[in-house]
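In what comes next, chain A is part of two complexes: it sits with chain B in the first one and with chain C in the second one.
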Partner chain A sequence: MNNLNVKARKLLETKVVGVVIGFETGPTGIVRPAFITDPSKADTLIYDEHCTQNLAVYLTKPEVKKLGKIGIVAPLQVMRGIMMLISEMQITADDIIVLGISSKGELLEISDISVMQGLIEKSELSNPLKDKELLDKLTSLSREERFKWWQNELSKCIKCYACRQACPLCYCTRCFVEVNQPQWIQVQSNTYGNMEWHILRAMHLAGRCISCGECGRACPVGIPCHLLTMYLADETFRYFGVRAGTSDKMKSVLSVYDPGDKENFII
Partner chain B sequence: METTHKLLRKESLEKLYNHLSEQRRIYAPVKTSDGKVEYRYNPDFPDVTFDHIRSTLSVKNLVFPKVENLLYYTSTKTETTVTEIDINKTKEVVLWGAHPCDTAAFDILRSIFCWDINDEFFLKRLEKLIVIGLGCKSSDEYCFCTSVGLSPVSSKGSDILLTPLKNGHFRADILTEKGKKIAASGIDLFENYSNDEILVTEVKQKFAHDQVTGKLATVFEHPFWVENSLRCIGCGACAYVCPTCACFDIQDETKGKNGRRYRSWDSCGFGLFTIHTSGHNPRSVQSQRWRQRLMHKFSYMPERNNSLGCVGCGRCSSGCPVDMNIAEQLETLQSI
Partner chain C sequence: MPEFEPKIVAFVCNWCTYAGADLTGTSRIKYSPNVKIIRFPCTGRIDFMLLLKAFANGADGIIVSGCHPNDCHYTSGNFHAKRRWIMFKELMDFMGIDMNRITFSWVSAAEGAKWAEVVNTTSARIKELGPYVSYKELVNRPIEEEVKNE
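Let's look at the complex of A and B:
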């Protein structure tokens, strides 16, 4: 991934960016996010199949924004996250330089947002295969069986909110779970309260989820909570024909009426 | 109490397990289908694991449940009636097969829960807890018990500690009155021990905790905190899997006329944790929260509780979605 290191170093040396967000290998051998501000450290950036975290989550963090313009290593799921953040007016295209990464792991030249949009449009945007298989398995169950399955999974939730914190689209400075007048959901962790949280979160991400799977990956107790938002990503595509994070002008499908909306779900 | 060493043959383990679970609930580690380890109540003995390194969650919930009811109330237009929880109904539980890091955490929790007033909920649960510890024959890169003054065979917090022997059997150290009572409770399983060699894993020391404590007193404003916490996403995973994190939130939950007050786990990693009613937040960014976490465990607690706030179990690091490795960070801190 030599090209990436060269590009990152150049961006930092010429002070085009104040920081490059990418991946490094930590001392225990685990791949993790890296924030490179010193051009001489640009060589520590890596990119391989272990670089799965969605780095777009950092674009809205105040301490990261303080470092100046951001260069960000961006495989598809990060590009889609960036697109969503621009369309929802959380960042502007001028705040960032995108170091795009192709599905083969090669550095892509992305001069502006329209180039990125073109690349996204050409990519496979449906849910990853292994998640699709799991979803198919779940949807083949009866409603009662499925409910029981989720009850069992969500009973493990400890409400650490790693799912929320890892999600690039969960950027609310005050999440509904933190509102207590009125109390939206129970603060404590119990099976039904946990279900409330995950269902509401999924609904809040319906039409916004970019299918990166980061929420499920972040969960310390291994709940596949990404299946909820991925299912809704499929559903909104089915009803509205739109995949999230494909255009910087996109309006949230559940917030906007368009005369062209498919209406076959209206009874 | 003077410790006595006994031999417990591997064939006797099941008998001891069944004997202990006859009259009480027993909480023991099992491997789940997805390869994780979790503690469950009353698993069958063949399902209990003996070769795990760490469970995903700690066992602190036995003395500090993730939700603890504190009182119930009923309100009418004119008055409120409060019903206290009868803590004397707390039932005895046997914790089986907890590693020395986890058992050492009970003393640390006690130093927090009994710092000024005695927390009777915590103390009652601790009183009703019987701990059968299990020395570690394996460890991984996340383990750092030897950096916080413990070891894979520390007996702290156990009533009976089982240490694996090279011959496959166990040395049973009878450590407390509770342990002695079990050993003498009509089961003839504990035999004379004759210095068979123990099987113990080696855990490399990564930092000297007293040096870290000394250093922390001087680095509050150091750029280290921002540089090393940019990747922290601010979830509560580290605090919730931690055996010694004890912060909680108190809530009243009312349904119609009836309600209850409970406490539930909280985390200093959350932005909401310190926000004032005015909207001002003294820890408004993540680096301040990460600093608080390390300061609390390695500076404030040694000073105020005369105890470190860490047992080196490595859960916070292995469970962290972004590899915020606490031992690595303390090692770095030590040398700045």
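Let's look at the complex of A and C:
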């Protein structure tokens, strides 16, 4: 990834950006996100198959924003996150320089947002294969079995909200879950309250999920909570024919409507 | 043992279904007394969390009803609601919650007879399904059992 280091160094030296967000190897040899502000440190940036975290989550943080214009190492999922954040007016295209990474790990030249849109449209946008298999397995079960399966998974939840923190699109400064008049979601962890929380999270991401799977990876107890939002991402495509994060002009599915929407369950 | 009488909560919009239910009454049409009506300004106001809370507090069935498409008092509330219910229904089904217990309908202010029919069919269906035991068990799971799982 020499190109990446050269480009990052140039951007920092010429003061085009104030910070480059990417990955570096930490002291224990584990890949971690890096915030490079010093051009001489640009060589520590790496990109390999271990760099899975969705860095778009940092774009909305005030402590990152104040560093100036942001350069960001962006594989497909990050690009889609950026698209969603722009379409939801959380950042503007002028705030960021995208250091795009292709699916083969090569640096892409992304001069503006339309180039990025073209790249996203050419990519595979459905859910990752191993999640698809799990989803198929779950949908083939009976309803009672699914209920048991989810109850078992959700009973492990410790309500740490890592799924929320890791998600690039969960940027509300005051989350619904912190609203306590009335207390919508119980503070303590119990299976029913955990289920309410995960339903709430999935519904708030309905039509917005970019299928990066970061929530599931962030979960410390290994609940595959990304399946909920990914399932809804599939349903969004099935009903409304759109995938989130493909355009900077797109409105999220649940904030617009079409009088011709089809359903078959309302009598 | 007395026959099971389901608890049904109806979330209805002020402008159409509530007025429709009023008409059912003034037309002296008899319908199932199991339903408890909660009036909302618009179908678009009905948060999905309210449905979960209704189940959690002992409802066996739910009716959600509002103005027909294109008849919304606020022009677009029911269209937004429709998209939300499509997503909600799919998610609930995926998580294994019984969607046969929730009836979605459009009932206008002139459809007093339809309201009676919606309530009666829902009530009959819930009677057949019985109390929503699995959900109630989940809500009232004793703390000992929760801790045992860890």
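Observations on the model:
By our rule, the second predicted complex is superposed on the first by the 258 of 267 C-alpha atoms of A that agree within 3 Å, B and C clash if a C-alpha of one lies under 4 Å from a C-alpha of the other, contacts with A are read in each partner's own complex, and residues count from 1 in each chain.
Going forward, a residue touches a chain if its C-beta (ideal position, glycine included) is under 8 Å from a C-beta of that chain, and two chains touch if they have at least 3 such contacts.
Computed from a predicted model, the values in this text were never measured in an experiment.
Under the clash rule set out above, the superposition-derived model of chain A with chain B and chain C shows the two partners fitting side by side. By the touch criterion defined above, A:27 lies against chain B but remains apart from chain C after alignment on the C-alpha atoms of chain A. Shared-chain residue A:111: touches no atom of chain B or chain C.
By the document's definition of touching, of the two partners only chain C reaches A:139; chain B does not. Here the vertex is the CA centre of chain A, and the angle it makes with the centres of chain B and chain C is 90 degrees, a multiple of 10. Once the two complexes are laid over each other on the shared chain, residue contacts for A:263 go to chain C alone; chain B is not touched.
Legend: residue contacts after superposition of the two complexes on their common chain; A:181 is shown touching neither chain B nor chain C. Contact with both chain B and chain C is seen for A:190 once the two complexes are overlaid on the shared chain. Across the superposed structures, the minimum distance from chain B to chain C, using CA atoms, reads 6 Å. Overlap of the chain B and chain C interfaces on chain A comprises residues 189-190.
Residues 48-49, 52, 56, 69-70, 76, 79-80, 82-99, 103-106, 118, 134, 138-139, 141, 143, 146, 149-150 of chain C touch chain A in their complex.
Of all residues in chain A, only 138-139, 143-151, 155-156, 184, 189-192, 195-196, 199-200, 202-203, 206-207, 228, 231-232, 235-236, 239-240, 253-255, 257-259, 261, 263, 265-267 touch chain C in the complex they form. Interface residues of chain B facing chain A in the complex, by the touch rule stated above, are 34, 36, 56-57, 66-67, 141-142, 226-227, 229-231, 233-237, 239-241, 249, 251, 253, 262, 264-265, 267, 270-272, 285-287, 317, 319-323, 325, 328. Taken in their complex, chain A has these residues touching chain B: 26-35, 53, 57-58, 61-64, 158-162, 164-166, 173, 178, 183, 186-190, 217-218, 220-222.
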